[in-house]
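Look for chain A in each of the two complexes below; its partner is chain B in the first and chain C in the second.
Moving on to the complex of A and B:
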């Protein structure tokens, strides 16, 4: 539910990082926060359990310069990935304008990725939306595990599992090392802005 | 639960009118901050006694989440919604009031004001804001 303030010429957009528990959603936001700290005037808000797992959401607002004379304000959120937190996960999706699906490349997380995507579809449908309508970017995270000798899923397998019908943009990434984190964000912002522009007219 | 608006715009006229309503009916002595947000956590209008003393973006995100959570709790115990949403602090308190389906009015106020008086003022402001939003976004 993007909001256009015609008075201040400002557009506010909500982007949600979704995906299985421990997939690296919070790590994405932490990296962005640390990299862009000087430009972001506010603190990152996190609601975590003791073990560093997201309990409700992480929140990071950022200004983004101008597009066609409008100031763009992006609000980034992460959901809690753990299966048991579906009620709060669904709340965070309310009014979402764009989605980043952070999938875990570790071989043993294959099923969790697929289940999480199905859960996303289910939760979106409660708001009368579906995966094909909301702009989305896939991030195949933790590619660095391969260098550490931990088996990772081939990208083709992840594409076939998750992105075979959607054909959304997808990036290999390492949120821990910051690889392609900004690229992922730029892509979702671009796609979301494009969709909003279409809806405006 | 249906979230039908994908994108909405409000113009200078409506925003100025809502700003004036909040200022005239609710922004009494003792009210520190008034903020109208949508359920996605976007800030629509905000008034602050002293600018930049608190992080209203975080406040908006947390309020939208909190409101959603409390609403879900109501449903679990068989209530449609809770009519009073209010957190009391030693010095400062916070009050939430739903406006139509998609908006929330947040009021932060000090001990100088009683909750009863504040609720009266909030109800008055909410009625007027609702009319403007309804006229501008269509009756939903």
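Moving on to the complex of A and C:
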């Protein structure tokens, strides 16, 4: 549930990037941070291990300015994808308003994608939510691998594996090259904010 | 809310998102252009794909390919002191990965990538001799530092992922954010419990 402060007229929308380890969640946020510095104005908080795995989570706040008298603030989070950090993943999901599922297009990550989506469903259920009620956008990331001679899953296969029932919006992307990173974010903010609209008086 | 104001919230939101993310779309196109120029067969294409594969996953096959590509480059650029020093660094890193495989220091991938990026810049951008040396020195310094930390790690056999120095300020921000979240959830729960109590009384 979004943080809506009727007194200060502030709305906080929490968007969580979820997905298997090394799928490109942090890379999404890094790209956004670099491209949108003017609107962000704060620092990106990221806690990494010595390499580049997310240890705790990444956090990137940004402002959308005022709409209908409300200051709209967006908070982007990533979860740590590594299987062993489930407690942190669950914690980060608390109060989530919208989800981006970053799937890895590499052929041998197929199972990890499916497992991670199942894990998401399981963790959401701890908060009495399910995949069908939280706005979600799929991002089929690392499409650029194909050009580099690394086999990628056809989009149809990924759709069938992950989005067959949900039928959520989905984008092919390369977070590394910045392709469709912004499109993904725009879509999830738009869909999420629409579901919150009725709470604004 | 009546239908009219619904439409206006939607439109305002959409326009705002376009505004905030506007300049970005041109950035993405910029990215695409760069991508195309790389595609027009670059002398380092083979090495690039080997670097990416290796970064993606350390397998025997990927390591061998990386070492082979590095050796090819060494031969091709052997007349140039700066270029060949870069490739020697890459070769040393390749041999190190070959020896340690999955146990390679977690920063290895990033170092290989940054060294590769520097040599690409040196070869591509027609830098002056002095700038070339500067980039080379940067890579060499990073390599030396890496060697030192590999040795230190060996000596200490550090526990995984424990030693990241996260700035105190960062942790404070994160904790405060979490605290706010938890507090708000607690408030909600308290209200719910009070509500249930009232119903029971």
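Just so we're on the same page, the second predicted complex is superposed on the first by the 197 of 201 C-alpha atoms of A that agree within 3 Å, B and C clash if a C-alpha of one lies under 4 Å from a C-alpha of the other, contacts with A are read in each partner's own complex, and residues count from 1 in each chain.
Methods note: contacts are C-beta pairs under 8 Å (C-beta built on N, C-alpha and C of every residue); 3 or more make two chains touch, one makes a residue touch a chain.
Given the structure is predicted, the values throughout are model-derived calculations rather than measurements.
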* Based on the superposed arrangement around chain A, label chain B with chain C as either clash or fit. => clash
* Asked: After lining up the shared chain so the two structures overlap, which partner does A:87 touch, if you call chain B first and chain C second: first, second, both or neither?
  -> first
* Asked: After lining up the shared chain so the two structures overlap, which partner does A:189 touch, if you call chain B first and chain C second: first, second, both or neither?
  -> second
* To do: Scan A:65 for contacts with chain B and chain C and give back first, second, both or neither.
  => second
* To do: Tell me which partner A:3 touches in the superposition: chain B (first), chain C (second), both or neither.
  => both
* Taking the superposition as given, does A:153 touch the first partner, chain B, the second, chain C, both, or neither? -> neither
* State whether A:129 touches chain B only (first), chain C only (second), both chains, or neither. => first
* If touched residues of chain A are counted for chain B and for chain C, the larger one -> C
* Given the touch rule stated above, what does A:95 touch, chain B (first), chain C (second), both, or neither? -> both
* Structure fact -> Footprint intersection on chain A (chain B / chain C) at 1, 3, 43, 45, 56-57, 59, 75, 91, 94-95, 200
* Quick one: in the complex, what on chain B touches chain A? -> 1-12, 15-16, 38-44, 55, 57-58, 61-62, 64-65, 68-69, 72, 102
* To do: Spell out the part of chain A that touches chain C in their complex, as residue ranges.
  => 1, 3, 35-36, 39, 43, 45, 47-53, 55-57, 59, 64-65, 67-68, 72, 75, 91, 94-95, 106, 145, 147-150, 177-179, 182, 185-186, 189-190, 193-194, 197-198, 200
* In their complex, what parts of chain A are in touch with chain B? -> 1-7, 12, 14, 42-43, 45, 56-57, 59, 61, 75, 77, 87-88, 91-92, 94-97, 126-129, 196, 199-200
* To do: Under the touch definition given earlier, write down the residues of chain C that touch chain A in their complex.
  => 1, 5-6, 8-10, 12-14, 16-17, 20-21, 24-25, 27-28, 31-32, 35, 39, 48-49, 52-53, 56, 105-107, 109-110, 160-161, 163-164, 166, 170, 173-174, 177-178, 181-182, 184-185, 188
